[in-house]
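Here the chain labels run A, B and C in written order, and each chain numbers its own residues starting at 1.
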């Protein structure tokens, strides 16, 4: 499994996909750097008159609703619609889903364009599935990842999306298939936008890898492993951020294989 | 005094307040990271339809006018109004006050919502008080902190705000009470947005600590002490930024007590 | 040559020019920090009602079209027009020129205000000159720097701008004068916005140095040398970013002179 995942990581570097991001103001710099570090080329653009051209020249699209306004919402809808029309893969990061009525309304407009991937914390995934009235504490998660698996399966059935529930354990869900990733470090929750960066990196992987479940798994595995390795050599959240970008850029197959902790829904550690 | 201040620092970590920020594009990432590092949860959101809900679910609000446009100004006014209605504490950072007529106009609309705290450099505080025609050199300060004490007292009388004049010495002013903080390092002026980060951190402290003068003092003391400690182990402004976030996260009581330089208006070093 | 260039670097620190930036969301923080590190004072502001005042109080203007929308485009046009009227030097960074029709349209509106400097990669400069139908791969360059010299000369004739074609070799072009800078490091292409930071730094240099060709050369030389020195002590793109800001702040004349690789169109290594 580590071998196959590493192959995907290399495939992304070779393909060097152009990834179009419509994301929030807080994380634009970090997510662009994360994409560069894994070998992709980021484009950040949201002007309405150029959105369709941008989607056309890129290999995938990332939509992150962290900071919204009328203009950006329209940008997101235009881009998601175009991606759907061109059959380009796109990733949705439903930041703060359930926190306000407005966020839910925006998400209800985006989902019909059927994102190839949805990545959020358990609370956001639960909220998105409208299965319960899960209250989100800002962009943090209150609910455990496991609780959200049913919600993820529901979303998969509705929209065909591979769903990634991120948390202490990241769970990738599609149909009956579930993959569990046990990497990462608690210090990562003290750096803003690492979830958003993971989403952006996922955008690079779905552009370059055919099987979306494997693409999301490889992206999240790379991110979690690098975060864990970076945390070991960091003094706190400030140095973690730099060390993570370094590691995403220079990780070796040996380091990756020695650190990866992955299991499937058969609960067999691979 | 150090003991009491440290108690407040711990109180913020325990309360883990949700702090709503409407701030400028330059510093959104850094201020979110500073909030996480001191144990708070940042929310950055400015969409009009969700602002009142956001203010409602948060424990405090930070408004920073660094970068403005029509949409953001309306966001700031909506949020400040709601915070006032709900009696939630909010902090105003009047970046560039006095630099343009527009900034002064925006500030004149925000001040009647009576911010619990105003934090700016001496030039901004002077400008805000309209006591003299102080020209500001961008977001830097020309006037010394001491010159602005009278202006701060005037603002306190008008709006009930605790006023923090930041500079080589940070001065916290409310009524007859003045606290002086002598920490920090000149290298901090070579990193963009550290003043904005101090403001954001202040937002976390007024959410968790009852006495606003003590809250502002504790926030600024923590920030100045951590900046000073971080500067000692930095090679320049780039590494300072990372080291500061690390230190905000992992400072110990001993380090804090050994570094803090604080005095009151009785000029008694405590 | 190194001596003269170093003199310019010192002149910027002494002048401490106020540089007004209308730039993209991705790089605002980094470019502000780069300006502070070379001794300038950054202002980021785009609100229409204050733009003319901002241009008036600043010594130069930087316009970077990385992320666009209707509001920002109007901000850019208002500011460039005012800079032209006041005869203040301004720099244009035509990010993604040629990528979309909209970008080209925005650029065609900006160019008549005659930027003192245009800095872009070869593909952007080619596109700007409309000499060939060069397709740009996002903000990266496909065309080599040398191919774009003719395009740069054309732009110089049309608008009077000193043109900097950045790449593995940076080429500064004005009339018959060409200067080649052979510093930098491939790792710099893995950090987002370093080109934008170089543009911002150029904005500081044209504010403080009379000869614009020498100003651009000194700015790009400093940036390339510091990037090269920073890359040597970095583990990857994350630490490079911090090390670069440190080096821009604390580089010595000896380090600079020992590292600078510069030649003129006479191909004489100086």
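In the analysis below, a residue touches a chain if its C-beta (ideal position, glycine included) is under 8 Å from a C-beta of that chain, and two chains touch if they have at least 3 such contacts.
None of these values were measured; they are calculated from a predicted model.
K.L.:
Over half of interface residue numbers shared between chain B and chain C means same, under half means different, so which is it?
P.N.:
Looking at both copies, the contact residues mostly diverge.
K.L.:
Report, in degrees rounded to the nearest 5, the angle of the rotation taking chain A onto chain B when the C-alpha atoms are fitted.
P.N.:
Fitting chain A to chain B on C-alpha atoms yields 120 degrees.
K.L.:
I'd like the Å distance between the centres of chain B and chain C, where a centre is the mean of that chain's Cα atoms.
P.N.:
33
K.L.:
At least two other chains touched by the same residue of chain C: list those residues.
P.N.:
Expected reply: 25, 29, 241-242.
K.L.:
Can you list the chain B residues touching chain A in their complex?
P.N.:
It is residues 18, 25, 28-29, 32-33, 36-37, 41-50, 53-54, 57, 71, 241-250 of chain B that touch chain A.
K.L.:
Can you tell me which positions in chain C touch chain A when the two form their complex?
P.N.:
Listed in rising order, the residues are 24-27, 29-30, 66-70, 73, 96, 99-103, 137-140, 189-193, 234-239, 241-242.
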